[in-house]
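Have a look at these structures, which come just after this line.
Next, two complexes with chain A in common: one pairs it with chain B, the other with chain C.
After this line comes the complex of A and B, so read on.
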């Protein structure tokens, strides 16, 4: 088996002729917290449903734990080893919180009663209440409890903090960190809350229009990307050709602001060679990297 | 040891953690033999990825600031504290520079900018020098 818990190759899927995935390559390293980012409609949920065997792709491969997610038999084996929170957060409407926990527990031999108790208390879930009577936030928390307590090796979470208030988001993120810190759990979660992802993810992938446009270790990406700000002397215009690695240039009066994805030193040198130039470099946030790529794509 | 991180600064979190440990050693908040909190505790308290903390500790170990003993945790090394006395000398130099700059009526922000610019300039020149040889 490879070092990747999830690995897709050139995955494609269309709905009624509308392409949702156009050759998606996704690699999630074992033991990572992987933030899967993209705008609404970029293909996040289609990817997740494919990984869980709920959708058949038109082409390409999708492997989870080294097994094809696209085959019925191996997909069942995969699902026994993962915990998931899906976008629709569908749960049996006639059950109470207590009933659905007991019902789910029966399917998973590695069920962690200690975690179940912990989350019941932490998330303050009302045991006797029926699922349709729960708020959106409570339903999210319940799904997370069911996902984490089954002792899964991989958590696949589609927008896990959707509908939660800021205090609950902090609780949920902290618990994700706790389960990642406890050892062998890999967490794959989608979000469009960039600051959440920036904190807890060590790897990210940005999907746009069905393709992975940036992916890698977050620290490496942040080391590669920098913003370079150049103030030019009067009567000096910026060069027509910059060194390779310039992603985007914005001009505001005398200030040229450059987003560089590589070759930062060479770009700084080029800027400094301009007459009267003052050059500064700044770190870049995940938000800047994200916006830059989804806007220019 | 109380860590804090700024998620929106753009500076990688492991670098922020490393800086804070080094700073704590320089100010004497951490002394030789003091134990750092466990990776798990730091990760859960700050809600950051455990691998971020692992990386910070590993790099600090590589730089000789801490020693990681398997099973018992991470400790500040004697040599790191030696480095701290050099840093205190540096502090004195910077302090007098700041006093002189303030007397020129420069604001804190301006002083910080001048300093960072010169530092960036020196770094680029050093790299250029390296590239030539």
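After this line comes the complex of A and C, so read on.
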């Protein structure tokens, strides 16, 4: 089997002529915590729904555990090994917490009663309460319990911390890391909270307008990307052409701020060759990488 | 696994069944109040009307989460939860359709008991064989109507499901006026009913089961291909 738990190749999908995915190439390494980032409408939920077998792509391939997600028979086998948290965190309104746990448990032979008990206690979920009477935060926690207790090899989480208070976010993120660290679980999650992703993800993918624009190990990306700040001498103009690798330039008076994705040393050398220039280089945050790419795409 | 799907279907339909039973109770009480003056044909027409409502109310395709009280526009978010379970869509459909059909059978059974009690109180004596025959005809012919409701549920928004299904029933009723008597289910349940002394309408019953199978197959094909 491939080293990638999820692998899509040139995935395309349109809705009423509007393209949602335009040749998406996504690779999620086994055992990773993969943060899937993108603006609203970038194609994150469409990707997740395709992986879950809820949508049929117009073209390309989508493989999960080496099986096609687009065929019902293999999709059932895939879903047997997946824990899923939906974007809106809705569950059956006529069931109580206890009933939905009992209901879900029946579909998963590898159900982890120990984890169920642990999360019931940790998240303080009231067993007898009806689902509509739970707060959104409580519902998020319940969905997480239902996803993790399945003994799943892959957790697909669509905005798992949406609606949670800061303390609950901490709890959830810690448990996700714990879940990934304790076994063979791969976590694939979408989020708008870049600092959360930066805190727990070891791989990221940024999708924009249905295409993957940046992907890789987070540490590699942060090492690869640097911000170079050049303060130019009086009467000196910045060069019209920079060395290849400059992603974005911002000019404010005598200060030129450059985001570089490669050839950082060569760019620094070029900047230093300018008369009277002082050059500094800084590490960048995930937020900077994200914003620069989606704005320039 | 399927026990839990039955459990889910029951949770979704139990209040609908309760409404249906109240409706049956109400219609039976009405017939009792009319008492001896009520002609047998009137009882048959009432039973047919109740059957249409039962078939429309209790039907469901097992994919969408159906609310007990108020229907809202669009899919309930928990539909995605159902679809994320490692279960074939056909099993979801078959389980929900079976549970609804059993409830329909139960409702019809109660209604027939009401009719029987009514007959003892003055509508006029009904032969047990005629009563049983009428019950069988109602169930057989109601099965087509029920599975029409199942089919409609696969693509109609929950908000419009009941109205859409009733419109479909009205269309079937209109079409029946152009249908040969031998396969006319409305006639079989009404003026050609064994309750009114006619022979069993085997042709209409067989035709109804055939059409119910077609409806189930069509419902399966819709949900198999449908995107959510």
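The rule is short, and it goes like this: the second predicted complex is superposed on the first by the 297 of 297 C-alpha atoms of A that agree within 3 Å, B and C clash if a C-alpha of one lies under 4 Å from a C-alpha of the other, contacts with A are read in each partner's own complex, and residues count from 1 in each chain.
Methods note: contacts are C-beta pairs under 8 Å (C-beta built on N, C-alpha and C of every residue); 3 or more make two chains touch, one makes a residue touch a chain.
This is a predicted model, so every value here is computed, not measured.
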So, after the overlay on chain A, do chain B and chain C clash or fit? They fit
Touched partner set for A:268, first chain B, second chain C, both or neither: first
Tell me the contact category for A:106 with respect to chain B and chain C: first, second, both or neither. second
Of the two partner chains, chain B (first) and chain C (second), which one does A:281 touch, if any: first, second, both, or neither? first
Looking at the overlay, does A:55 come into contact with chain B only (first), chain C only (second), both, or neither? second
Examine A:219 and indicate which partner it touches, taking first as chain B and second as chain C; both and neither are also allowed. first
Is A:182 touching the first partner chain B, the second partner chain C, both, or neither of them? first
With the two complexes overlaid on chain A, check the angle at chain A between chain B and chain C, Cα centres, nearest 10°. 150
Can you report the least C-alpha distance between chain B and chain C in the superposed arrangement, rounded to whole Å? 27
In their shared complex, chain B is touched by residues of chain A numbered 31-33, 170, 173-174, 177-178, 180-182, 195, 198-202, 218-219, 222-223, 265, 268-269, 272, 278-285, 287-288
Where on chain C is chain A touching in the complex? 1, 3-4, 7-8, 11-12, 65, 67-68, 76-78, 80-81, 83-89, 224-225, 227-228
What residues of chain B sit close enough to touch chain A in their complex? 5, 7-14, 39-40, 43-44, 47-52, 55, 116-117, 120, 124, 127-128
Across the complex, what residues on chain A touch chain C? 49, 52-56, 72, 76-77, 79-80, 82, 84, 86, 88-95, 99, 102-104, 106-108
